[in-house]
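Okay, so chain A shows up in both of these, paired with chain B first and chain C after.
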Partner chain A sequence: MSQLVRKAIRSNEFYVFLVIAAVCLLIQARSGQFFTANNLVDLANAMVVPGLFAIGAFLVIVSGGIDVSFPALASLAVYAVTRLLVDSHYQGGILLPFALVIGLGAVLGAFNGLFTSRLTVPSLIITLGTANVFSGVMQGALSSVQIPKIPPAMADFGRGSLFVATNPVSGLTSSMPVSFLILLAVLAAVFFLLRYTMFGRGVFAIGGDGSAAARAGFSVRWTKFWLYVIVGVIAAVAGLIRTCGMGQMHPTNLLGMEMMVIAAVVLGGTAITGGTGSLTGVMLGTLLIVIVENSMILLGIPTFWQQFSLGLLIIVGTGISALQIARSGNGLRAALR
Partner chain B sequence: MVENVLAVRGVSKSFAGVQALSDINLDIRPGEIHCLAGENGSGKSTLIKVISGVHDPDEGSIEINGVPHTRLTPVEAIAAGVQVIYQDFSVFPNLTVMENLALNTELASKRKLVNWRRFRRIAEQAVAKIDFSVDLDQLVGRLSVADKQLVAISRALMSDAKLIIMDEPTTALTKKEVDALFRIILDLKARGIATLFVSHKLEEVFEISERFTIIRNGRAVATCLPEELNRKTFTQYMTGRDFEDAHFQVGELPAQPVLEARGLTVNGAFSDVSFSLRPGEILGITGLLGSGRTELAMTLFGAYRKDAGELLVKGSPVQFAGIRGAIASGIGYVPEDRLTEGLFLERTIADNVVIAQIDQLVVGGLFDRTRKGTSAAEWVRDLKIATPDPENAANTLSGGNQQRIVLAKWLATKPDILILNGPTVGVDIGSKHDIHEILRELARAGIAVIIISDDIPEVIQNCSRVLLMKAGRITDEVDPATVTEHQLAELMTGESDQEGERR
Partner chain C sequence: MKGDAVQTTLLRPGPLRALARDTHLTRLLVMLLVLIIFFAIVKTDGFFNLLTWQSMAIQFPEFGLMALGVMLTMVTAGIDLSVVGVANMASIGAAVVMLSMAPKGADPATATGAIAVAICLALAIGATAGALNGFLVAKVRIPPILATLGSFELYTGIAILITGGKPKSGLPNLYGQVFAGKLFGLIPVPLIVFAVAAVLIWLLMTKTAFGTKIYMLGTNATAARFSGLNTTSLLVRTYMISGIYASLAGLVMLANYNSAKADYGSTYTLLAVLIVVLGGVNPNGGSGRLIGVVLAILILQILSSGLNMFPNISNFYRPLIWGGVLLAVITANHLSGRRSHRRIAKRKGLPQ
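After this line comes the complex of A and B, so read on.
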């Protein structure tokens, strides 16, 4: 048992947890509003989309790559599907929109996967390129505009609530969205994938040493390809959830989220050089960023300071992880590369 | 039982018109310990890749256990019992020992799901095969080099291996670890598993190898027994050149020393080091890793600050404020690890050569590119750096040529004293002789040279005096003309075995 405790204390997740606890207590002490039912539900609600994106970004980073195209991918997939459904006056249930978005997300993910698994170009360059292609197609070929009225099933799904929490003092209410279950389901599925399938272990192995993985008998190309397909699907689902939640399709709403999401993943202890990290860390990192984004308003801090402290968090968080890599010796070469 | 576990028959392979292997034959008997030797670029690695199925040969065939293969795949090679332990061991630093050991087996049996209990069972069996005691839950990245190698060996043995190919297995090991490795290999031999060593150092593998195959420029030039080989013939086979093993002879030396150390001490590294060095001498400083030899070199070069004692350059005491001070006093330093300390690998050869004398190439505050070009071209010519164009990146060169650039860089500063730390580590034999020849010429031209090295033949042949360091002190001064290699090795390692473990 004591060994378990020692292991926990040495882990990166533990420190992120401490920081979160400190931030929570600080906000609670200053505002008295943090540990209220409606604020906690609001935070859970705000976790869903960044959380899903972070899971996808985490998968790619663990495999030794980096993906900056997922917001553009999600926007394109969801815009195309919403446009199609709106134009055909779709009146059916929520399953078809999800099926279409998953299919399109997989295709666009495969596009990323094809290039990254076939070319020796760094995935950052490739996804920078595909991000521009995706948003170009959306804004150019589909001449995207805001769609104010989305199909009723999507709007209903966005309003769907598991329960409603009420603040006893202010009387403010917040409802827990159904989509939170999707975050939990994806989390469980990806946990199983990484921990209990050879595919998942292959993702870690490739991130640790790609050529060693190939020699061990992993099909590196195949693994990378399907990894990007999975990431495409997760990103597209996150995009659909955001659109449903907003009750309208705003094509550029998600663009620019990639840096915040990657920062959350790295804050949670995922090595940017690949091979190490945990879903617990990813969720804690995302939670920390969401808390800073959402709750600083409770302290009455102007929003530009929110930007400032987010930036500070990212620098400190990534700095610590870079230091750890440098100290682990063999990372030195990786860092210099 | 078949006669040969591996038979390579007339294998040729070319890449983009360059003949990497031509008509290679190689036989390995069950349980044999065979050494494959050759210089960098001789085709050793290509041959291993052909044997392990990574490359298809253009001509010829590979027979494993009497079964001929013309298009061997890596999976088939492993299934047939051929395992390669690469120089980097091909382990996953981010995964646990257990997973590193189990993954290959599980992949080979095409499992899709992970059963962690089965993983542990497989790993336990793997380490039991060589009595390797290790924490299975430790990350491999945290293990020592020797333990990583043992992980790779245990993993290789999992798949019923008949032949284990080890690529330069002893390079990063201490003497003790090498002995442990050899015990394991002899144990494998007793079980009928053959080992193919790949090496370019005779000393490393001479005591254990039963037969040698030497390749040069893609051809097998000799297959012979150890008693048919000595260093001279080995070198001849490897390089195709004749080298005379003449000792370096100093001429008349001026009485005035150019560098003197009196009671030099750096706390925690070495203490009370005194010696003097005259122009035209080549002084050897030898000792085991951790004996303080590198720290001494760094102190002479101003990188470390001395805690006590005196350092005199041309008779006047100096107190270096840093490396720039040492350079200004006419000291040049060729570091041990030229890749990280001595070269800007991505920059051009010309940039690398002129970097230490960059102050002299500045005219009116601006960098004079024409003068840089002429200066670089002169050095490339004088030191025979094999490159079509000095504007190529330094990492396009072989180890020996890279070392020549580092030399050129310091010679361009016109030093009075040149300190070289491990000047020929990782350099093939031909370039090694060329570098030694250059050093001798420099000494004849009046430069005082210090060679810090644990390569005993190197210091004996090239130095006019040799100082022996042990546990931070100079314990002996020997005359290379009278001492034998064996005696010097005894002096170096004798009665202080614990030093070999300090890393």
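After this line comes the complex of A and C, so read on.
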């Protein structure tokens, strides 16, 4: 037991958890509105889309890369599918939209994977390029506009709720969306993939040291390619959930979210140089950012501070993580770079 | 020793021979010529208009100056993604100073003084912001990509805090007259600013020890450190120069738009990276030449202005074209790099 405690105290997740607890108590003390049923459900609701994106970004960062194209990928996949369904007056269930979005997400992810697995150029530069190709296809070739009326099945899915929480004081209600289950499912699937499959171990191995992984028998190209396909699928699903939840298709709604998501992953203790990190940390990091963003209103801080505080969070978070790597013994290689 | 003699004659710089050896530069020149010929034939009237060229010369210094800074950081195997944030923060700082020192209706003398102070302040903001980037990269050891993405958010956040997200306008007329004016009624001032800045970078990279050192640092940071280079100071200075160039770009943008806002030039980050990679700078550091980057700037500006002459091509296609060109260039570089590896291996009789 004492070993478990010692291990917990040394882990990064523990400190993120402490910070979250401190922030929660601070907000509770200032506004008295934090630990209310409806605020907690609102937070869970706000977690879904960033959480899914963060899982995808986490996979890429663990493999030693960085992906800034997922918001554009998700927007393009969901826009194309929504446009198609709306134009064909689709009246069926929610399964077809999901299947189409997953298919398109996989194709676009494969486009990313094709380049990242074959070129030695940093994946940031590649995904900057593909992000612009994706948004260019959406805004140029498909001449995207806001679609105010989405197919009924998608709107129903967005409205569907598991339960409704009511704030006894203000009477405000918040409903827990069905999509929260998808976040849990994806989380479980990725956890299984990373821990119990050769593919998952390969992702960590490549992030730790690509040539060592190749010597150990992992196919670096194959792993990277399918990794980006998986990330494309997760991102596209997140995009569909956002569109369903809003009840309309805003083509540019997701663009610009990449920084916040990468910050969440790095804050959760994922090594920016690749090779280490945990899903627990990713979820805690996402939770911290979602709490900070959502609670600025509760605290009465003007929204102008949002971008500034996000930048500060990224720099402080990555800075602490970088200093830790430099200090630890096995970070010698990273330190000398 | 016979081999050495052959080597020296091969290395003797002749413009044609240099071109034949640097295949990437040749490729860029051919690309530029093809573009010029294409637009000259398809849109003869528009393309040979002096106004077209003047407006190009006003536009490209905005992102061209940013690209010069990004180039330096990429030679050190880093990258600077905060240039747009620095540019906006600097131009907003300059605008605030001008508006407070010389409000509407101030006499020319006050206006001149205000402009001088504003320009100095903008450059100082750029240098400080760049130094912070350099500190984060060199001392805290955050990977440059993350450090500068984070500081981009930070600087844009500061810009939003100062302006409340609204544009700052109503600058003294003198500023626009000087910075967006034309020398002898012909050469736009931004072009001159860019030319001087480019020459300074060229001198820095080829004629000073600093230039040689950053190439060494980019080729092999460990070797550079063990041969006694102060890598921290080198990196901080490199990012400072990048910051100063970004703030210059901000001053040009301030003159061109006659206002400052936190989200101007949002597409320039990609454009600057694209230009530098297209210009033949290796993203992994250690190589790249200024002339390639300048050619890349010209190619993209001509492509952009040329596309503007086709009204039925939507502006929204532009990211598609930029992104496509970027992917095509890195793929082509990868393929030709592999081919030259094979050729060397063949010549030396090594297994390929």
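By our rule, the second predicted complex is superposed on the first by the 327 of 337 C-alpha atoms of A that agree within 3 Å, B and C clash if a C-alpha of one lies under 4 Å from a C-alpha of the other, contacts with A are read in each partner's own complex, and residues count from 1 in each chain.
Heads up, the rule we're going with is that contacts are C-beta pairs under 8 Å (C-beta built on N, C-alpha and C of every residue); 3 or more make two chains touch, one makes a residue touch a chain.
Keep in mind that this is a model prediction, so the values were computed, not measured.
In this superposed model built on chain A, chain B and chain C take up the same space, so to speak, and clash. Of the two partner chains placed by the overlay, neither chain B nor chain C lies in contact with A:L172. Once the two complexes are laid over each other on the shared chain, residue contacts for A:G311 go to chain C alone; chain B is not touched. By the touch criterion defined above, A:A212 lies against chain B but remains apart from chain C after alignment on the C-alpha atoms of chain A.
Between chain B and chain C, the partner in contact with more residues of chain A is C. Once chain A of one complex is fitted onto chain A of the other, the partner contacts of A:V266 are limited to chain C, with no touch recorded for chain B. Of the two partner chains placed around the shared chain by superposition, neither chain B nor chain C is touched by A:I301. Shared-chain residue A:V133: touches chain C; no touch with chain B. Superposed model on chain A: among 223-231, 295-303, 313-321 or 331-339, the stretch of chain C in collision with chain B is 223-231, the rest showing no clash. Once the two complexes are overlaid on chain A, none of the chain A residues touched by chain B in the first is touched by chain C in the second.
Within the complex formed with chain A, the chain C residues making contact are 79, 136, 140-143, 145-147, 149-158, 160-161, 164-165, 221-222, 225, 269-270, 273-274, 277, 283-284, 314, 316-324, 326-327, 330-331, 334.
Residues of chain B that touch chain A in their complex: 74-75, 78, 84, 86, 88, 90-95, 99, 103-104, 106-108, 111-114, 141. Within the complex, the chain A residues that touch chain C are 66, 115, 118-122, 124-126, 128-137, 139-141, 143, 259, 262-263, 266, 272-273, 304-312, 314-315, 318-319, 322-323, 325-326, 334-337. Here chain A touches chain B in the complex through residues 195-201, 204-205, 207-209, 211-213, 215-218, 271, 274-276, 328, 330, going by the rule given at the top.
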